[in-house]
Amino acid sequence: MKSLVCVKDFEAEAFDVLNKNARNYFKSGADDELTVRKNGEAFSRLLIRPRMLRDVSTRKLKKNILGKSIQFPVGVAPTAFQSLVHPTAEIESAKAAASTGTIFVLSTFSNWSIEDVGNAAPGGRKWFQLFPNTEKKITLDLITRAENAGFEAIVITLDAQNFGKKRDIMREPFKLPENLKMANFEKYQTSDKSAEDIGEFVHSTLAQDMTWDTISWIRSNTNLPVILKGILNPQDAALAVQHNVAGVWVSNHGGRQIDTAIPSIDALPDVVQAVGGKCEVYVDSGIRRGSDVFKALALGADMVFVGRPTIWGIAVCGENGAKRVLEILREELDLTMALSGVADVHDITLDHVQRKKSNAMSKL
Amino acid sequence: MKSLVCVKDFEAEAFDVLNKNARNYFKSGADDELTVRKNGEAFSRLLIRPRMLRDVSTRKLKKNILGKSIQFPVGVAPTAFQSLVHPTAEIESAKAAASTGTIFVLSTFSNWSIEDVGNAAPGGRKWFQLFPNTEKKITLDLITRAENAGFEAIVITLDAQNFGKKRDIMREPFKLPENLKMANFEKYQTSDKSAEDIGEFVHSTLAQDMTWDTISWIRSNTNLPVILKGILNPQDAALAVQHNVAGVWVSNHGGRQIDTAIPSIDALPDVVQAVGGKCEVYVDSGIRRGSDVFKALALGADMVFVGRPTIWGIAVCGENGAKRVLEILREELDLTMALSGVADVHDITLDHVQRKKSNAMSKL
Amino acid sequence: MKSLVCVKDFEAEAFDVLNKNARNYFKSGADDELTVRKNGEAFSRLLIRPRMLRDVSTRKLKKNILGKSIQFPVGVAPTAFQSLVHPTAEIESAKAAASTGTIFVLSTFSNWSIEDVGNAAPGGRKWFQLFPNTEKKITLDLITRAENAGFEAIVITLDAQNFGKKRDIMREPFKLPENLKMANFEKYQTSDKSAEDIGEFVHSTLAQDMTWDTISWIRSNTNLPVILKGILNPQDAALAVQHNVAGVWVSNHGGRQIDTAIPSIDALPDVVQAVGGKCEVYVDSGIRRGSDVFKALALGADMVFVGRPTIWGIAVCGENGAKRVLEILREELDLTMALSGVADVHDITLDHVQRKKSNAMSKL
Amino acid sequence: MKSLVCVKDFEAEAFDVLNKNARNYFKSGADDELTVRKNGEAFSRLLIRPRMLRDVSTRKLKKNILGKSIQFPVGVAPTAFQSLVHPTAEIESAKAAASTGTIFVLSTFSNWSIEDVGNAAPGGRKWFQLFPNTEKKITLDLITRAENAGFEAIVITLDAQNFGKKRDIMREPFKLPENLKMANFEKYQTSDKSAEDIGEFVHSTLAQDMTWDTISWIRSNTNLPVILKGILNPQDAALAVQHNVAGVWVSNHGGRQIDTAIPSIDALPDVVQAVGGKCEVYVDSGIRRGSDVFKALALGADMVFVGRPTIWGIAVCGENGAKRVLEILREELDLTMALSGVADVHDITLDHVQRKKSNAMSKL
């Protein structure tokens, strides 16, 4: 393995080892991919203003999320179809998260089932990402299975009941390899779904009529905490609090759904303000460096999640690759803290980020 | 036909199939083509902040324009000399608009006449774009012919009584092919105008002394609603309302007239404010994606028009090409609505677009 | 001659026909040439918001400058060493200005003398650019000679008593051709200055201790109106008014003196405000298009000047080239007026330029 | 030697003559090197608004720093491991600073010892950069040695107790040449440190638990003035004043520590405001031109320091190279002053820099 020292190195290496089909599926964004680009630029534009002469000889990255500890505040976001990059994909990701001490979120459209993943990483913290199904009984069954397999929370994806328009994939339609299966749905199907109509199948399962009532109904059918993923508008964040969710997950789906959607990190402060501390707030989309994590925390996120980065890790060398990606982010966050005068991850505040309006420069 | 999945694909394909003469004529902008570029960038800079958990299982894109229904709020803007790209150009465009259920606007300088187009697309909604003529009787006759041929509105172009300076065309003067004729003017000419002096002929027909009195005079000579195209300044929009027009069409002529003219979408909000709901407001220039349409509607436009996109469509494969371009924009608008939590096109509001000054980020 | 339709075309053609020495001398800016670039970008960033339905069938570009008429408000700025690009350089420039009906400004370091130029273009309006000399009697003699040769104003350059740092020229020192002579200084020299030490000679003539008293002293020694060229700071503009000058010329010397100096057009509004109509205001630096002229006038300039553009014109084909460059700017200004609804050059106002803070878009 | 007329020329030439190892070590920045780039861009964005008609025939660049005179306000910042580019590196740099009349700052991790440098440049002004050691007695001994060798101040580096993440160096680890030694530490070591573990050795000496008490303790153990280097946050600047330091040095370590740290020049005004004249303020990071020095002084710095520029100078031709780099910066500062109407370096004020909010343009 070449010397891969940052997430971008893993991305470049993954682009080399993956076939076009898999590469396109994971790297693509909607339309002109402006939000994919803006997601990263928005982080780069935020400037760090470090503090000096704090004792940072020992750093603490540990914190509690939904009442239980994680080793560092970077989790693995749900991504579908991981078998495109590795035969035992979700198994690898889940183990990588477990061994680094963070949270793994399993996609409804995983290639290994809820039960497989539950068994593979029994000690790790796992959340289940739920796409409410067109059939209510399937929705409920998925939740029950997640509960039984040791998953600790239900992450409802709000922003992907329709596929974003990924041009590369439309031009050269996505081919599903033989080994790719809708593992969580095998139980509900009589016949094997052929690879050709999987897109159609997936779409057919997605409840288009989801509303806040759907959230209430799900909450009334599980004791697991419910997290809403895909919120960008503070008004929705306020409604989420009213519906007693455990977490609001700020996301534009990595730029894969609406092109020119607001970058997640730019949407975060309003959401944090709207939530007012009444539930946890997470953020994903565009996080590629420890300093990005630092900024997300400074702006009020409780933790962040990464999607593509661990996919590139698995593509390069399975669990070890995903683990190394997570470690790189942990090490970079740790270093950013050390260099910014922050010994404890809880002490990363807005004070460490440039406040454009308050400095003397703005009077020039 | 290659897989053409977005308007840009049609543009690229049209560039391939057209000769330089035709390509230059339609793609060119004035001077350094900065407004051509800024038109697109202005849309890309506007960010969408979607709402979640609205029931978007059925979407409604239909709305009323000038009291009658259209299937979706994207119409075909008038463009001259369409025969440069297709022998039966305006016939194709008009049919494409009719078959998708939207409005076609015929240029005064069309290559097929008012009557030809009226006969070719009898069921479709058609407006007639009028350049007030140096001879008043021709102006009146054109209006009467439009009325008789089933056109429903008169769109007076305000911003093109002189040709914008398109350098490519000046360097390599525009050659008119044999088949290109000033169809609407054949009636008024004794001799055939040779291709060489068509530019001169066109210019000689354009009334340079047009004022608000011209608008009043036209209004007093027709029962058709009158729309003013080419307004960028809110003071003109206010005057338009005072002159009882039916619509104000915000346009910088696709960047073809004044280089560094304000992008149409940036001019829209002031115009909407000045109009105050007293007439309809349309916008063109730079619209290439469904999300652009979404933003124009969010900022207060009643509908949008596209010029070059359907030209590229016709260039690629006539009516079917133009139709596909319109469908792509409809599908992309529909998808943007679905992903933004908007079930009815009337419910696209400013709330879905980033408000820069009101978010917590601006305090950083 | 190729088809040269805009100033940029003349620039490109001049780059082709000139040797490196001459090209470098005229195109270079100071240091990293950031101000050269920013001068142009500042114009491109200003947006035009045209008015419609004004009668623009006849346009008037004529205006009075220092009490006498010019055909259009674009003059020829002083530039030294024009023989680098044409043997009878200043003669050509002066004739071009005269034949188009505008003002020609002769440099102190011209290669043809005050008297030569006076004789060559007797009917044209001419101003003399003065570098106050280290010897007061030479300063006074230059003024007297200008008065006698029919020059109508003294333009004192304030910003070039030292040479800006042009790296290309330092790396490959400027070689003066045989024919290049300091025509205005021949009278004051006993021996011929050799080409090698001309830079040194020029520098030795430049009064470094110039102050506002120098201006008062010059004013007391001539009845010609005095114009100050090189003002960028409104405080200096206010002082200029107190010293009863006839004109303030906003300029950063085309980016040739201080790199990262404020673009002239960005400095203009403050200067106009400080001057408060008590004298005329001119601007140069970065003007390459008629729309640039339009914007300068909208922001309060009485007229503009161009330096490099007419140099490129002379380089390409002498008087005819410079004349064509001036005509292009006149035609483009005329067209911008026509398309912006302005019939008279005096009616170009701030209302035609985008006001960023006042539009509804700014509330988004 | 080629014609090297600006700092960038020296940089390019040094890149040519250095091996990859040395080049990478000195040019690299942290992570994506965004702060390296932003450091320079922040200077380029600041615009100069010169004053005219001041008598600038003689300029004075001399000023007092810590009570003693320097010839011009550009000093040599501390950089470690200079033997990578020249065998007698710090000797050369120190002599260059001495012969141009400015301050040289010796790094704790120099390759020539405190005593060597003291002897080599006895007449020059020298400050000692201190990394507080994990062993207090070494810290104290280093201070005593600096006092004895004629160093006039202790510059405590605050921002580099951990190494910034330089990807190039991680991918191709830094190889130390034979001749490179930790000269100041030889006294404290029994065995020779091998080149391979020097990174480890360096890190082991860096006190990670440094706080404001460390500063108080150092101040109580020396009569030399104490300067804090690496401050970017005005709150730390205020604390520095409370701890009676002699100088606050605004720095992001040339972009080598935290990527996306605020550019030093953008952090300067807040720091100057917080310091309120109670101690001196210096700045480094991104200074490559005399106009950059001019701007730093305009924004309130008492002097500036350059790191990489003199390294490139030494790499090209030892003392003479570094001296030439310093002279270039002095000459460019002198020229910027002359062209901006400033005769004395003390008269460079905010008035010479663009005030964005106060000009008439901002109302457009």
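Observations
Letters A, B, C and D mark the chains in the order given here, with residues in each chain numbered from 1 onward.
One rule holds for everything that comes next: a contact is a pair of C-beta atoms (placed from the backbone, for glycine too) under 8 Å apart; a residue touches a chain by one contact, two chains touch by 3 or more.
Please read all numbers here as calculations on a predicted model, not as lab measurements.
Considering the contact criterion stated above, no chain is in touch with chain C and with chain D alike.
Averaging C-alpha coordinates per chain and comparing to chain B, the farthest chain turns out to be D.
In this structure chain A contacts its sequence twin chain D using mostly different residue numbers, the overlap staying below half. Taking each chain's centre as the mean of its C-alpha atoms, chain A lies 59 Å from chain C. Each chain gets a centre from the mean of its Cα atoms; for chain B and chain C, those two points are 42 Å apart.
Each of the following residues of chain B touches two or more other chains: 46, 354. Under the stated contact rule, the graph of chain-to-chain touches is a ring, a single cycle where every chain has exactly two partners. A list of each chain pair in contact follows: A-B, A-D, B-C, C-D.
Remark: chain C residues 31-32, 34, 38, 46, 158-159, 161-162, 164-165, 167, 170-172, 208-212, 214-215, 228, 230-236, 239, 257-263, 266-270, 272-273, 299, 350, 353-357 touch chain D in the complex. Only residues 3, 5-6, 8-9, 43-44, 46-57, 289, 291, 295, 332, 335-336, 338-340, 351, 354, 359-364 of chain A touch chain D when the two sit together in their complex.
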